[in-house]
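The chains carry the letters A, B, C and D, assigned in the order they are written, with residues numbered from 1 in each.
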């Protein structure tokens, strides 16, 4: 089985790693696009309290979170320990004692099915601030001990290296899909043909351009996110929990190196526009400082821009593309790419190799609108 | 007359230029400090509507503005045309028709004495937006046609080059003041002695450290300013007026290269801390976008940090330092350094050379607290 | 006459300026490509000693140099004085007295026809070093006083602003050419149609992609250039001549702001690869330091990457594209874009407007290979 | 025992960690100097083949290398796995088969005493290139399997975090040493007194300024190093060995993230000059490309500048400072700071706490020239 994976973000890197360890002959191709979502994501792995009202999405997200520890352990055994991964817990901020009770009840009602979320605790303002000192006094929170965080760039690179040592080949360049007789035959990269029996399109916001030779469109659009990195100097932030302020969709996430990542914007109409805008930056900073004024004296480091691939109805697009044998799509993870990416990559690899799946992917099946109707 | 000028910011560069063209034997020494106020200033030359309630300050500022056009012309004749200087007018934003009338009355009452301010006009929201398109609709303004802007880095460099061609020597390094018998004898730079009959300390926020060998302190403290540069792509911003939103102390200033500079913070307790902070950046962006939401889609370029030298009582410190013959201070211009700098440098040069002054400098006379009392 | 100019590099900006001042209804469209040749060029305007053995190329280049002073003056009258332009002379380095004599004879033989080159002088090592102090001792040179330099970014922006004030409209976005019945009808930008009677493709290395809807290819390929900026601190470099070391194709060029630009690589097979490479950087620095070791202690500032558009046979491509009415190409200027750009833009504008040309452009006529034969 | 450690580079961070785990009450103070040697070092831990002809230096270096694995394990148990540490082996390049034999003999003669160096192997050109693909063909090498590498920034931060969790307090600011009656009493930071029974000066190139209040000078001078980072895109460089080209003092070191670090200059007369110079950069690139031309197409990322603290006779300065009770110096590690730093920090901590030492430090005893004799 010759499998070609396009896109070395977290999904594609995981797909290549899974397939290679499962014995496939894997080629991973990457075009080094600026604005890859993986590089600009935050990295919170704590889906249990999500407000997304979509049971299938929820099951995929929680299953992905469940799969993380085993992946981290396997990578560690392969000598890859720099993933930025740590089980730091997460703090969901609430506005009132009432909301706090409701939220913790919601968490606990899901605990039996998803025990990985760990302990659920209602924290008063002092307790919350003890865990995340820059918080504004007076904020209540619900703490979930099983939340984790990961550095998207680091884990993608580690997956690629592990894939490489398991036999995968990594090729730099822009891939063009080759289809003949309703079946993928491979890709060309820089004019050179790479033959394959299956192709996984882990191509993020660039997916529709990639699958165009198959005559379909999957309706993946870019959602721009601007995300800011702040340094707190010598402060040890390595054990700080992820902070989810609730409704805004903005969050705060600390890493080992005294860095706190805050953001992000969710810009649906910006297209592939790589700029940091003054309005986007102001939005990100204002949201962060509103809940964590203690970050105010932190050093502004940089703002990254990423394009989250959004599928139709904001759902992942994961599975065989109808009408073209051998073409599998694995994208559309939106703002949850670093949570769901490794697991989605594994599912895509298993799909390509014809193996059993631990989860029904039919809710995420690519719609594949025929382009001849356009 | 051997004159040594310390500090190649706008004041020192102007002093060296003036003195060299007046025939002195000039050495200009510069330590290339990060955070020089000149590099981080905006560059608005429009002091007539200032709220500063200090007649002597006002006279100095307006005299300095009056002197600009002749300086620009002289530099142009010396082949220096890249100064970022342009007479673009200034817009002071007001909150109500009443405030607008009061302000324009204030301007007009000063027009006879300071005709350089040009035409004074009360603009409605549409007229204001026509001049500065990113403005929020509904804002009234008073326009003064004589306002100008200048790029601090460019004009300083031009003054230095012109000084050099008039015979001044420019030396890079940290200068140490030499005093003997109550008189300056020169400075050492990198261990090497440069002898001089007079020394002008145009040393900004680093002044008290420099004059320490004279046994005095002048009470100059750094006020940190963070200032942000935004690009508007291909928009021609070259004729946009300076925008002074009134009370906040924040402003917006456009340059030829589609760049709008917004800011700045006024941080009196930050010391010489070179960092861009998340709180400072948020303050700057929030103030700018509140009056000019049209900047929101502009590209964030960079934020600069500068240390404005603040004298006692926020007054300039300009003149002979008591107790040490031959030592002249020229600093403390605060947030008005790019307005008052060239003129202050010229006055310092004339003071050093013993020439008549067009203005009584006694209100700005360095106090020179004896350090032995500390 | 509705004229659309695509590409706001130096050629397109000049075309828009010329056409607007000639009375056309001009729209200038720009896609803000990274790697535009204009931004990464050096800016030497001193073609008279060129080794290029192509009389028609030589005539175009020298005519373009001749046209510069009038353009600079016209822009100055339009209030645009920041062009980085200065007539600093140029130094061509030679290996031997014999070579020096031959070269100065060559210059002088052309002096009657091209008096703009000014004085031709044979300089010994000391004289050369006096003009350009970092030079290695022992190097002979031929000095031509009429050489000038210009900052490509600054003059392009000034041309755009002046075009705008003459009525041109500037639009940001990727333009797609519209052709119907063998005639251009306009372009679309972001889905919106801009109608036009003629379109000038000043599209540099992106030309063949742009003209594809016309069914032709012009054979323009990108030549990557890496060029390094070095700062000399407080040194006044504003009057230093351009330095042309001869055979290597590398050069050194100083600007007003104590900056010396050195380079550049000429990489024909790199494609549109935006990276600074370690090998390219080493090549640039080694070439510069070999002739000017005095730059060794200068501060490394940055390296820019640009893609010079190279036409077939390394010739400019300038004129009407055969087979498509109303389509004019103005590109292919290679390493001489900042010398020939403004003049080429003007010629393209006159061609589009049907005006007389001061120069026969037939040697540069676009070949326009029909793509159906590919 | 209240111990104050000044300097949070690798030495000070290790001293704080060791002392805190040994039960001391530790305060670590750091001034966040730009140009810290730790941030700009490469990170090769492979001292066995050193040309340094100084048995005591050699014993210290090899003992430090021996201590690394246990430290890495202890940090891993403390949850700190991101150190950039990996036992990748090292390749010493040689010029001839004869030199290769001599060198491998030298390694093997030391193997009994220092078995950590692992396997010693003579590699032909193909074998060397297989381990480090960018190498120039035709180069012979001696491979030592026990060589390791580490990221100085990462391990310092991990040591600081582990110290903090063991009870150490970390304070940001410039420390001023307080001495009374021939004994250290503590330090002030930002005007605030921190009392202590002992002070470890892990102050690198800033040591002599720090110990000045003790009336001594230790003769530590800065050696500037410029070091360049090159990216190889998607190439898995995580297992590439350190490359030591021999005589030049330059080296090449790959990290997990497809980054190769090459350098560095050894500039003894540059002082604390933070600039990247064109000459320094050319030296670094030329040395790297001479032995590894395969790096030529790699992306230039950045050049870092660090100041290696050099002690008198290029020896470490490690132990009690004579004449001032409670003052311990731990610096002067020169180009071997990342090899010897953690162990030196531990030795300094044990010295401060009055514990037994596993090594005689008298050869590195601070000389402590009395400043009154200056």
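Methods note: contacts are C-beta pairs under 8 Å (C-beta built on N, C-alpha and C of every residue); 3 or more make two chains touch, one makes a residue touch a chain.
Being a predicted model, the structure only gives us computed values, none of them experimental.
A.B. asks: Hey, what chains does subunit A share as contacts with subunit C?
C.D. replies: A chain counts here if it touches both subunit A and subunit C, which gives B, D.
A.B. asks: By CA centroid distance, what chain is farthest from subunit A?
C.D. replies: Between subunit A and every other chain, the largest centroid distance is to B.
A.B. asks: For subunit A and subunit D, let me know how many angstrom lie between their CA-based centres, rounded off.
C.D. replies: Averaging C-alpha atoms per chain gives centres 37 Å apart.
A.B. asks: Find the geometric centre of each of subunit A and subunit B from their Cα atoms only, then give the gap between the two centres in Å, rounded to an integer.
C.D. replies: About 49 Å separates the centre of subunit A from that of subunit B.
A.B. asks: Centroid of subunit B to centroid of subunit D, CA atoms only: how many Å?
C.D. replies: Roughly 45 Å separates the two chain centres.
A.B. asks: What residues in subunit B touch two or more of the other chains?
C.D. replies: Touching at least two other chains: none.
A.B. asks: Which label fits the chain touch graph of this model best, line, ring, star, complete or other?
C.D. replies: Here the contact pattern is a ring, one closed loop where every chain has two partners.
A.B. asks: On the basis of the stated criterion, which chains touch which? Give every pair.
C.D. replies: Touching chain pairs, listed by label, come out as A-B, A-D, B-C, C-D.
A.B. asks: With touch defined as at the start, can you tell me which subunit C residues reach subunit B in the complex?
C.D. replies: The touching residues are 8, 30, 32, 76, 79-82, 84, 86, 153-154, 157-158, 160-161, 164-165, 170, 172, 233-236, 238, 256-258.
A.B. asks: Once bound in the complex, which stretches of subunit C touch subunit D?
C.D. replies: 228, 230, 275-282, 285-286, 288-289, 293, 295-300, 303
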